[in-house]
Amino acid sequence: MTFASDNWAGAHPAIADALAEHAAGHAAAYGKSDLDQQVVRRFCDIFERDVAVFFVATGTAANALSLASASRPGGVAFCHAEAHLVEDECGAAEYLTGGTRLAKVHGPLGRMDPQLLERAVGHYPPEFLHAGRPVAVSLTQATEIGTIYSLAQVDAMAEVARRHQLVLHMDGARFANALVALDVSPAEMTWKRGVDILSFGGTKNGCWCAEAVVLFDPDKAAEFAFLHKRAAQLFSKSRFVAAQFDAYLRDDLWLDNARHANAMAGLLAERIRASASARLAWEPEANELFAILHNSDVDRLKNAGVMFYDWNAPEGFDGSMAPDEGICRFVTSFATTEAEIDRFAATIT
Amino acid sequence: MTFASDNWAGAHPAIADALAEHAAGHAAAYGKSDLDQQVVRRFCDIFERDVAVFFVATGTAANALSLASASRPGGVAFCHAEAHLVEDECGAAEYLTGGTRLAKVHGPLGRMDPQLLERAVGHYPPEFLHAGRPVAVSLTQATEIGTIYSLAQVDAMAEVARRHQLVLHMDGARFANALVALDVSPAEMTWKRGVDILSFGGTKNGCWCAEAVVLFDPDKAAEFAFLHKRAAQLFSKSRFVAAQFDAYLRDDLWLDNARHANAMAGLLAERIRASASARLAWEPEANELFAILHNSDVDRLKNAGVMFYDWNAPEGFDGSMAPDEGICRFVTSFATTEAEIDRFAATIT
Amino acid sequence: MTFASDNWAGAHPAIADALAEHAAGHAAAYGKSDLDQQVVRRFCDIFERDVAVFFVATGTAANALSLASASRPGGVAFCHAEAHLVEDECGAAEYLTGGTRLAKVHGPLGRMDPQLLERAVGHYPPEFLHAGRPVAVSLTQATEIGTIYSLAQVDAMAEVARRHQLVLHMDGARFANALVALDVSPAEMTWKRGVDILSFGGTKNGCWCAEAVVLFDPDKAAEFAFLHKRAAQLFSKSRFVAAQFDAYLRDDLWLDNARHANAMAGLLAERIRASASARLAWEPEANELFAILHNSDVDRLKNAGVMFYDWNAPEGFDGSMAPDEGICRFVTSFATTEAEIDRFAATIT
Amino acid sequence: MTFASDNWAGAHPAIADALAEHAAGHAAAYGKSDLDQQVVRRFCDIFERDVAVFFVATGTAANALSLASASRPGGVAFCHAEAHLVEDECGAAEYLTGGTRLAKVHGPLGRMDPQLLERAVGHYPPEFLHAGRPVAVSLTQATEIGTIYSLAQVDAMAEVARRHQLVLHMDGARFANALVALDVSPAEMTWKRGVDILSFGGTKNGCWCAEAVVLFDPDKAAEFAFLHKRAAQLFSKSRFVAAQFDAYLRDDLWLDNARHANAMAGLLAERIRASASARLAWEPEANELFAILHNSDVDRLKNAGVMFYDWNAPEGFDGSMAPDEGICRFVTSFATTEAEIDRFAATIT
């Protein structure tokens, strides 16, 4: 019963097969193989426009290089105060951008409040050199706490970005989970709303290492290529990332995996609603679920071998929790089974 | 007939199998899984001492982070003028170290001359702040042109490093090829000679993405962990790199692969020696072979589908080449077959 | 009637004279002159211990290099949310440290609250690599809004720093103003409290360009020298900064200047208390005074040629202000005269 | 008898007077004062076009920020192998550019050979990402060894820069000395030849701290302002640098000072030609003179209190020197007197 994280899961069999299938033979290195090129075209199809695609080793690399491509001296990038970018990436963004500051924007349940974003940007008036200058907004879709920006909410972010000529970045470590939850097209959730650059994650959703930066303006590819290589993120046998994406994007595997993960979170939510000893901290919208448990139940579950993490109360949490209760995070993935959830339900009672 | 590069090869079947085998199930992310830990112990066994091991995405990352760990403000690192580090990594070392300079040291056939290294280091007298200060020496084993530092030659590098208290780094993108060529133990080729930090490459020798930084002083691991994470090189599903190394290091697969690649280069050398239209530019010592061909033969071979790269004459090349001749690089790998070489021999005549 | 900033003032006649006096002759460059060395000894006397001193061009340089000397990969430095360091230095700290993050700590009237500092540091648990790690605390004395940390309040900062092994930096752009306000010795306000490194400002208090980094552990000087030179902050004719400090520190000029500036702020406060149209926003403690004025009075004063800046309400301001009122900042300096203040008083009525 | 360096000299009386004259009163900080603006207009007059001007603390800052403004990821800047930029600035350029590499170009007597520059640039073919990419050429005028690029030689540099679309930077730490030696206008020696950005030095020629970056394309000023502030190089009391430049550029003081310094070098050369114990290593062209002396004479002179530095034989030196002889550098300045040179002549005999 592992709900620790979707990156504790392994690789989907179709991904493993794709790697095996492409293991033999020779192909051009550094992203020049036929398979690499074919996968880029597949991304173009999926996003219904020309895009440039760069494979990277980690979501952290995708985020940091996205911001690097948007950065200018004295730059400030805005993200939610609880974003992975600012909370869990060990300063990679500041380091790989050469010092761009991350400014934390607040808002309930993992989403930046557009008015607070506007105010945060306004803190750096264009005529006041000393403050530095806004360069980018990064929103996480799905958010760190399993909620999702509706299209209208993405629009609200984009409107602020557009008004101040900021690059709009989407951290899509759980892009597919958000997409199937909203039931919209990739284009509708991104560039049609004003997103300029995307961290497209495959690892948490069934690949073993498949992350990409997607540039919706392919004219920026020539410049990005230097950022990418210089940051030591250009794989020599790049085609093995391509092979993963090839299988991932084929026959809607990525969407099926995400639907499954989300459905498992839904099922888990049902079980928790029915439970006497746990309740939802807020409604899950993708594949992360947060529940309030009594501390003694937390211990009991952990002793029973259920893997999950304790979590700090996020902004916007209504706060109704006893002193001896805590919030716990449960993450589902393509690999989560109904049986596992049933066993969990039997354990919590 | 692909002799373009050993990173054009795919993955060895045993590596592919290992990935498939570990695809299922759940395991702790970010290098904390049992398999990750087990592979680290395997590295300790192989090197006959406690070592710290960090998996990274690319050889460029391994080199740049190795130097970053050795760097101090105003730092200068010394490497051969034709080293991959300075010629092919797009300034990653300078960038990821925050500005450490790479100083080029000369020497014949890919190896730094110890006297020239001494002189280059001496160019930065300790009392002259303005010049900056030496911090590290990086040697490539095997070198960029398929030669190898003998143990005595590694000793000579280490002596200079020791005298000036410089960190000694070995770029082992083709570590195994050098090791089997010298027929010594990993310990003998590294820390027993004074090497402090090693870029240990598996990708070119049968993995699809398995590179590691090996620290011979494991006390430096705690600090390196921050360099590693901050550079966006900490894989979430790290165990899939571990799985590759697990297979790679099991039953001497890595040594067998390297022996095969070297033997294929030897066979290719035989064929070229026997050929009327090509001759060796210098003797190959590992899995890279450089031959002198007439331009018309180069074209003919390329038209016949032989993949290889033209190369600039390196330092120490004796220069006996006609104006209408050129140097060509042929790289063999674990995947090179005798049949392929026989076909090549038939093509060049 | 210029109350815009103490850096709008010129140079004190004694400082100007010192420059003229040392203009002739030759002396060793780059901080090696007798005068340079003599001034360093003067700093040692003043601080009652061996210190290392590095002259820099700007307070921004002093702050950023102080943090650089404390930084490690993934580092986070804590400062008040309204500190000059984070609000007015255009990302210099992030840039010159290679990406150290500035974490904003709250607290009323320009001073960090020690409990909030403790909580902010606790946000980065040592065992959680992903978050990064605390490296330094920077406190501003006097603060950006003219208040002062009492010795007990400095102790409270130092206690948090010590508990978490963080470097304690003091931004002393207005060091002298704070010192004379507290009426303590330089040693008592700094290293005796636990301050490790100090930005010692002379420019705002009568020099034209005299800023220094003071290291209370002179063993760190050898390393700092590289940071300093590499950041392009080592003056060639360094003795002309030394000449300014020589005059500044001679015969208590620096303390007299600060006492005068503070006294002028006190006089200004009296006049404002007596005024019908203005009131103090909070009590001034050094040489900055913040008053609440009706917008129409602001316009009237500006039209009358009074120079000052509008200011945003800081944290801890009690908020009693009408919608058509605003906070204005008035800064006094060594060059402010009673006559000027009398004229101001006559103007505001 | 001080010939150690022109930065051992003090400040010209007119410069000292200008500082004193502007000491009183108040003026806007951070480069916004009337005097600052007036000096910028003076630069425009002198260069016969609109230019943007940024004052910095050191020549190192001027050089590093000039390159920073030209840099792009993976960038390489070309300079002479003995340039101050690469030999004496402790890695400031690499650091402040975020990792741009300095590639050393050879050529006799301090000047890059245009063919070797072309070849060095050609080492980075545009289609080969891995190598990085050329971004700038930096030439030093006058050179580190007192020679000067003729206008035709500047043209040759500019032609290579133009062909490869590289920014052309001139390190003019001794700009005035070169200018009066060539007897051309500032415009003719810079932008009319293709120079894009200039480090304009005043410190060595009679100021105590007056260095500036001059951008010949003022449209780049808005962006440079961020580089400048972020690098902690924006003086608060900037008008005191302006005051120095005001006096420096008034009534041709800067040209007179340079003519004097050059003339003193000429006089020194005469004396050395007439001497029995010393001879010129090569002909001086500006205010630096290099002589070959017997080691015993070197000792004798130093014991007699003559200040100068030993120097390594530069590229292009004809090499006619006995084992017990050495090259010595003698630098003259605005403050050098005929009497001093006569005393020197009497000492060497």
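Lettered A, B, C and D in written order, each chain numbered from 1.
As a working rule, a contact is a pair of C-beta atoms (placed from the backbone, for glycine too) under 8 Å apart; a residue touches a chain by one contact, two chains touch by 3 or more.
Source: prediction; values computed, not measured.
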Specify the chain most distant from chain B by Cα centroid. C
Express in whole angstrom the distance between the two chain centres, defined as the mean CA positions of chain C and chain D. 34
How many angstrom lie between the CA centroids of chain B and chain D, rounded to a whole number? 42
Can you check how far apart chain A and chain D are, centre to centre, with Cα atoms defining each centre and the answer in Å? 51
Multi-chain contact residues (two or more partners), chain A: 30, 73-74, 89-91, 95-96, 98-99, 129-130, 132, 226, 229-230
Looking at which chains touch, is this a line, ring, star, complete or other? complete
For chain B, which residues are in contact with chain D within the complex? 73-76, 87-91, 94-102, 129-132
If you look only at chain C, which of its residues touch chain D in the complex? 2, 4-5, 7-13, 15-17, 19-20, 22-29, 56-61, 64-65, 89-92, 95-96, 203-204, 208-209, 226, 229-237, 240, 307, 335
Inside the complex, what are the residues of chain D that reach chain A? 30, 72-74, 98-99, 129-130, 132-133, 223, 225-227, 229-230
